[in-house]
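Have a look at the structure below, then the notes.
Here the chain labels run A, B, C and D in written order, and each chain numbers its own residues starting at 1.
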C-alpha cells in the first residue's frame, strides 16, 4: 500500500498502524526505512512534488515483485513542505524470513531513489530551490535532447 | 543502547521512543528490524535465555563500530516466553545517510544471529524444546571437544 | 492533437500539439531555449508509461509528460 | 579453584575445579557422558571473554562458561 500525506509524516503512528495491520499475517521480519530531513547547508527544510500516476505504477510493479517473494511492501511519502528534523519518507517490507526482508528493503529504497517520480526542493529563505545536484535522471532520460 | 524485557516487546511503543529520542540528532536514516514469532510447525511460541555479560560486551563492540561510521544502534530483546505473532527482537540503526544504515542493519542482524549469546526454545505442549537445528555454533566453538 | 506536460521543477505550461510521433516533439522542443537544459536529462512518458524510443507513435488524445531528474525520500 | 558454568540448554549444575588451564578442563569434561554432545559445538569464555585456545591459563577465582549454539531474534 502507498500512502501520500500533505507535509511531514507522523512516523510513530504510521509504524504502529502498519505493524498492527500485519500482526497476525505470520511475517517473521518487518523492516521499515525512515527518511528524515537533515539540518544541513542552511536549509529550513525540503519540499516535494509527486507525479502520482507514474508513482502508482512504479509502486505496483514493486508490490508484485514483493508478492513473488512472499513479502509485502508499504510506503508513505510527503508532498509539499517538510521542515528540518521532520520525516518525509517511510518504506517497509514484511516477509516470512529475515534474508528476503533485508535484501528487499535495500533494493526497494535504492530503486525508489533512482526511479520514483518525486522532485525535491531545498527550502531556503522560504523559497523552493530545486535540488538538481542530488537528483538522478530516470532511466531512458534524454531522448528528446538527441538531434534528429 | 540495549534493552532486555521479560516476555514480548511492545513494538509500537519502543519504535516511538527510539524515534523521538533521536528526533533532533540530525540522522537522515532510521532503519529498525523487527523479529516476530511465526506460527509454524505446531509451536505455541518461543522462549529465550540470555547470557547478559557477553551480550553486553558483544553489543558494546557493535556500538563502537557504529560510532566509527557516524551511526548509532539500539537493540531490544525478550527473555522468557514470547507467543506466536508476538515480537521478540528489535534492532535499529540511525545514521546521517541511507547507505551506511542499509549496510549496517544487515551486518548487525547477521552477526547478531551468529554471535549473540541467546538460546531459543520452541514452546510445544507448554514445554521448552531447544531449537538446536536453527542454532549456530559461536566462533571458536568445539575446543573442549578436541582430544588432548 | 496531443498534450505535453512538464513535471516537477520545469516551469512551463502544458502544450497542445498536432504531432504523430516523438521525433516531431523533439524537433519542436529543441527550438525552445527555456527547455534546452531539461531535454538532455528528462525522461518521457506517453499516457503515464515511460518510453525509451523517439519512434514511439502518437495518436490524438495522448498525454506526453516530461520528467526531469528525481530525488524522493 | 575455578568455577565452570553451563549456559542455555545445557542442563548441568556449575562445577568447582582445581585446574590451571583449559586442557585440564577438556580432559575432565570429556569423561562426562552427558556433556559429550555439547563439547564439540560449544564456545568457551573465561571471565566472560571468549577464548579460542586450550592453552589459556587459569587462575584461582576464574569463571569459565560453556556457550552452546545460539539463536537470538
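Definition applied: contacts are C-beta pairs under 8 Å (C-beta built on N, C-alpha and C of every residue); 3 or more make two chains touch, one makes a residue touch a chain.
Owing to the predicted nature of the structure, the values given are computational and were not obtained by experimental measurement.
Judged by touch alone, the chains other than subunit A, held in their current positions, sort into B, D | C. We define each chain's centre as the mean of its Cα atoms; on that basis subunit A and subunit B are separated by 26 Å.
Subunit C and subunit D have centres, each the mean of its CA atoms, that are 71 Å apart. Computed from the mean C-alpha positions, the centre of subunit A lies at a distance of 25 Å from the centre of subunit C. Averaging C-alpha coordinates per chain places the centre of subunit B 50 Å away from that of subunit C. Taken residue by residue, subunit D touches two or more other chains at 73, whereas all remaining positions touch fewer.
Listed for subunit A are residues 35, 98, 109, 113, each touching two or more other chains.
Remark: the chains found to touch one another pair up as A-B, A-C, B-D. Listing the residues of subunit A that touch subunit C in their complex gives 35, 48-51, 53-54, 57, 77, 88-89, 109, 112-121, 130-132, 134-148. Touching subunit B in their complex are the following residues of subunit A: 11-12, 15-16, 19-20, 23-24, 26-40, 85, 96, 98, 101-102, 105-106, 109, 113.
On the subunit D side of its complex with subunit B, the touching residues are 7-9, 22-23, 25-27, 29-30, 39-45, 48-54, 65-73.
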